[in-house]
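Alright, structures below, take your time with them.
Here subunit A shows up in two complexes: once beside subunit B, once beside subunit C.
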Partner chain A sequence: MNFTCQKRLFYEALQSVSHAVASRSTLPILGHVLLEAREGQLKLITTDLEISLACTLPLDGGEEGAVTVPQRIIQDVVGNLPDAELTITADERNLLTVSAAKSQYTIHGLPSAEYPMLPQVTSDTRLSLPGALLRDLIRKTLFAAGTDESRVTLTGCLFACDGQMVTMAATDTHRLALKRVPVSGQIEAPVSVIIPARALQEVLRMVGNSEEPVDIMVSENKILFTAGRVQLISRLIEGQFPAYERVIPAETHKRMVANRQQLFEAVRRASIVARTESNKIVMRSQDSTLTISAETGEVGKAYEEIPISLEGEPVQIAFNAAYLHDVLAVLDTETVEFGLTGPLNPGLIKADGEAEYQYVVMPMQML
Partner chain B sequence: MSASSTSLTLDQVWSKALSILQESLKRPTIAKWIPELKPVEFDGSTLSIGVPTQFAKDWLEQKATVLVNRGLSVTFERPIAVRFLVRQLSLHLDEPAADQRTPSATSDGKVARRASDQFSSLPLNPRYTFDHYVVGKHSQIAHAAALSVSRAPGRSYNPLFIYGGVGLGKTHLMQAIGHAALASNGGLKINYVSGDTFTYHVVSSIREDRFGAFREAYRDVDIWLVDDIQFIASRERTESEFFQAFNTLYETGKQIIISSDRPPKDLQVLDPRLRSRFEWGLMVDIKAPDLETRIAILEKKVEQEGVTVPEEVLRYIATSASSNIRVLEGALIKVLAASSLTGEEITVALAMEQLRDHSTGAGTKAVTIADIQQMVIDHYGITLEELNGARRTQDLVVPRQIAMYLCRQLLNASFPEIARKFGGRDHSTVIYACSKLEKSVKIDRQVRAVVSELTSRLQEVMS
Partner chain C sequence: MGFATGFRGSLAQSIQAQAARAMCPEAMEERVIFLLDYDSFFARCMQQAYPPLRGKPVGIRGPAKGTAIIAASTEAKARGVKVGMHITEAMRWCPTMIPVQADMDMYGEICTASLRVLTRYTDLVEPFSIDESFLDATDLVAEFGDPHMLAQQLKRDLRAAIGPHITCSIGIGPNKMIAKLVCGFHKPDGITHAIREEIPALLRQIALTDICGIGPRVARRLQRLGVYTVEQLGRIPREVLTREFGVLGHVYWLWGQGIDHAPVTPYHAQAEEKSVGHGVTLPEAVHTRRQFDGVLLRLCERCGRRLRRKGMLGKTVHLWVRFDGEETGGFGGRRTLDHYTDDTMAVYHAAQALVRELPHPVRQLGVTISGLRRNVVQLSLLEDRVRQQAVQRAVDAVNDRFGEFTVMRGSLLHDTFPLRNGPPGHGFCKRYAIDPAEA
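Now for the complex of A and B:
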């Protein structure tokens, strides 16, 4: 293998695949990046066997070949080289040499044949979403996913598409975040899969602030995201996502509308006191004022007032502050609407003007 | 404390309950819950206490309920019970059974069928009958108990707990009860399940939210045969499901037969109530058979195979092979096979030649990937096609990964070779399986138990 490449481009490519490296695996080769020069392209591949990342760069001539080297080392070496054209070669003893103007590094690699093959995703189920839209879908739901490995189906997000709407949902049994957006274009068959949380975090990173479309291909047990030069392949979580629609309250008798930023800040401050006792904060409405209070034996008391507009009976209810904090942090509207029924019934948070977003949160016992 | 107090207050009862809890919850991890416990209400007979999490609730219910109930009832001289409530309420995601099952059964028969399939009994081995069982001193009592149970299921010894080492015939005896009971009453519903299958059922019903179907499957049983109970031990949810199924069946007079590789007192169960349940009925052990019994077992086997073998050859095999019946029968089969393949007469010399490995322990029998696959499919009651096939349901994936892992660990087979022998998969799948299993063995008692049992069986063959 032999090719030349701009340092900056090569370094960015190495960074873009760095998160699928399994550095502490019992299989040392999973800490490696596979470099493959073929048909005028350089492909960089990493995998931890759960997710795989691949980045493709165009090459100008050179000699074909492949090798794997420790990702950490090569990334550090290349990152610290001056910005210049690099010459990269590998020989049959799996030694990779990186040369810049006056620097030369030779790194011990392993044969490319021992590297796990990049999983192939072949399917007619494809769709394309604008980067910003996909980012919004993930950001507003992923935080509600569960972390309990004994309920694997909740450790990812439901991703469903019927050709008209894309739905993303996540729940940890105490709250549910659901976002639906209309999409244009046709898909072959409706999709409904569970994507692991980690893969979605990687997709967020991969999409960055780009507005470019992201292509998605879904097969029976894998999903492929393509954004520009980078591809991510993840296993899907097997099993049935719970029937989440049933937990969304059809009707709430009381409606509070508050300034999102004010509510967010008040909840965040009160939670400092609530932290030692299950994060419990109590909300009470009096006419056009909402009070938020917390009291714990260990820390002390918190009391906040914010203006609201209220429809229906006065409200008195307790919540886990973290569950409110999480959602208020990702919403970006001026105001939020909080629908409630009783102190033991789920609350429904909507972002004003964002019809397709719903957040259902269960209260705590007032005690 | 006044006993006549008809109007106990929440505070009075709570402060007593709190002191009992403080006394009993001394472990630091648990003690940190105490400030988070809140009295909710007291209605004269029940004290409701708020707890921070579901985990705390489960734990307290298991460890503290009885203690607090007793303490309160004694102190206030009237029956008082505690009830723990989780302060953080949960969404009702888990109750699809009632409103979902009906439509799915009518609109999609497949779904309903699948549900009943998945929790069904494992098949009984037709060879495991009383007729084929050789009774010796080692198994006399176990055999007598089994016979008695098969004649009057639910009315003689319940539960019947059979324990003993690997390959001594626990499964045979247990299944013989099933066969005999069925022969006298074909209408009986018999459910034969191994401890690990039961665990998979619990896990998959959690995953797929199908507890309704699961519980139903295990309530509708007349004779419940639970093999290798040690595999359910130490898994909280599995134990508690088992406990519930056990109680339901026991209370309705259904027969329960349990086998284990160790007596109840040595089972690593989290819930001591489970152990005491096992001890309610009759516990019988099967020991290693003595020489006479080993010869008798071989004679029975020879009779089944329809061949004649000189006595001295049987005696030689019985002395040279170990006390494990499975190995013993294997040794006989090996001699028979050698004779029928080569046409040689069955003599002590032939047996010595064939069993050199068995008797001296020298030389290694070449265990193949196929041997491991066979052992795994026998263990899980699945077929080779299923093991090597493409289906990726949990009940197949785990055995498949275990089999691949054993091939790698014990045979040091290459990833591509394993991949080829498991239905021509690509070798990344095998790498994944092995690394997954390596992790599971560390964190999952269940998997560890299966792996270590199969490993020791294979090593027995290999040594």
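Now for the complex of A and C:
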């Protein structure tokens, strides 16, 4: 293998695949990146067997071939080289040499044949979503996914599409975040799969601030995201996502509207006290004022007041501060609407002007 | 000291005096600590309550359908009966043995009555187990003049309160470790007093595992560090021990020199519990996963009930398992839930998830729940926790009234192993962590 490449391009490509490297695996080769020069393209591939990342760069001539090298080492070496054209060669002993101006590094690699095959996703179920839209879908739901590995179906987001609407939902049984957006285009059959949380975090990173469309291909047990030069393949979580529609309250008797930023800041401050124990904060309404309080034996007390407009009976309810903080942090509207019924019934948070977003949160017992 | 509010004046003063001593290591070793240990407690209680049993070999079997000997009278022990034996084996050793079913309620009451006697003397009484109590007698000895006389006076008062047939042995030393160690030297009905000058010679005579707190597993780890005797334990550089055992290494090192700074913590002054747990040594090893799960569920039920009785919820579930016959074989682990719970099944599922397979028959296991809090029920979207709580409260109420496991889960029926049903609240609990600053 032998090619030349701009340092900046090569370094960005290395960074873009760095998150699928399994640095602490019992299989050392999973800490490597596979470099493959073929048919005028350089392909960089990493995998931790859960998710795989691939990045393609166009090449200008050179000699074909493939090798794997430790990802951390090559990324560090290339990152610290001056901005210049790099010459990269690999020999049959799997030694990779990176040369730039007056620097030359030779890195011990492993034969490319030992690297796991990149999983193939073949399917007719394809759709394309604008980057901004996909980012919004993930950002507003992913945080509500569970982390308990014994309930594996909750450790990802439901991704469903019926041809007109895309739905993304996540729940850890204490709260549910749900977002729907209309899409154009058509699909063969409705899709409903669970994507692991980690893969979605990676998709967020991959999409970045780009507005470019992201192509999605869904097969029976894998999903492929393509954004520009980078591809991500993830396995899907098998199993049934809970019937989330059932937990969304059909109607709530009280409706409280507050300034999102004010509520967010009050909850964030109160949780400094609350988080030392169970993170419980108590919300009480008094006419057009909402008080938020927390008390722990270890730290002390917190008390906050914010103006609200309230329809219905006064409010008195306790929540885990983190569950409110998480949602208020990702919303970007001026006001939020909080639908409540009783102290033991779920609360429903909606962002003003965002009809397709719903967040259901269960309270904590007041006692 | 800020913790005097709310205590009776005398207790507050006792604790303050104790705390003042704790400031000065020399004063800590000037203490006079008693360990009072009843002789063959369960059996003696029975002999006290039922005079025909006196002077005869008595074997106490576990409550309900217990088939293992959980305690034996001095007469039975003299003929080879050992705690943990199956009843048929015990009968082979001693055919005249009278098997008697344990009466935990009675033991609990006798224990309470004896604590009442001890707290007449001082508030610094720490119940260590159902039949053992520590007593900080430093200030009392100043009044009585002689620890030996005080010990005899205590015994007289106890005999008057709970009956002459229930005898106890008393160990006296400058700290808890020495008091506990020497208590067993003259049994039954003995008094052993170790003065400071005798301690070095004493430590040369004992094995590592004679120290309460050093079991075979710790001893084995110490041996790997080249420590075979108590003397060596006190002489090895402290850092070697702290590297292996963390803060406990410091404690072991002091023990090796006959020093123990642990205070006698009165029951009322004990900090809120940091964890609750229950463990069991099975009369015979379990071989199948089904039997194992039965025992595990029963332990989880105990923990869950204990949490509910105290109105606490816990977040982290710990499990430990020891295999049969191998001192060091076993496994353990912990799992932190995403919410606080007092629900038996939630604890059970978390504990069960820590068990992959059982490569060997299991002889001992225990479940502990830590991260305890009050009033922190997080409701769930998918389960009706309010309803589950109501069901569990109803079941608890029935069991409170008619006895443990009157209403129980169907799966507990697979659990054919007798477990000791201790009086309510008797499991193990950890109240204070060792202060890392001390190490």
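Worth a mention:
FYI, the second predicted complex is superposed on the first by the 367 of 367 C-alpha atoms of A that agree within 3 Å, B and C clash if a C-alpha of one lies under 4 Å from a C-alpha of the other, contacts with A are read in each partner's own complex, and residues count from 1 in each chain.
One rule holds for everything that comes next: a residue touches a chain if its C-beta (ideal position, glycine included) is under 8 Å from a C-beta of that chain, and two chains touch if they have at least 3 such contacts.
Fair warning: this is a prediction, and the values are worked out from it, not measured in the lab.
Annotation for subunit A, partner touching more residues between subunit B and subunit C: B. Contact with subunit B, but none with subunit C, is seen for A:Asn221 once the two complexes are overlaid on the shared chain. Of the two partner chains placed by the overlay, subunit B and subunit C both lie in contact with A:Arg175. Looking at the shared chain after the overlay, A:Gly342 reaches neither subunit B nor subunit C. Using the contact criterion defined above for the overlaid structures, shared-chain residue A:Lys280 touches subunit B and also reaches subunit C. In the superposed model, A:Met364 lies in contact with both subunit B and subunit C.
When both complexes are overlaid on chain A, the residue A:Gly146 reaches subunit C alone and has no touch with subunit B. Using the contact criterion defined above for the overlaid structures, shared-chain residue A:Pro242 touches subunit B and also reaches subunit C. When the two complexes are superposed on chain A, the residues of subunit A that touch both subunit B and subunit C are 150, 171, 173-176, 242, 247, 277-278, 280, 320, 344, 346, 360, 362-365, 367.
Every residue of subunit B that touches subunit A in the complex is listed here, in rising order: 35-36, 38, 40, 50, 52-53, 85-94, 96, 100, 206-209, 237, 392, 394, 426-428, 431-432, 435-436, 438. The part of subunit A that touches subunit B in the complex is made up of residues 25-27, 30, 49, 116-117, 119, 150-153, 171, 173-176, 221, 238-240, 242-244, 246-247, 276-278, 280, 297-298, 320, 344, 346, 360, 362-365, 367. Contacts from subunit A toward subunit C in the complex involve residues 146-148, 150, 171-176, 242, 247, 277-278, 280, 320, 344, 346, 360, 362-365, 367. Subunit C meets subunit A in the complex at residues 337-340, 349-350, 353, 373, 375-383, 386.
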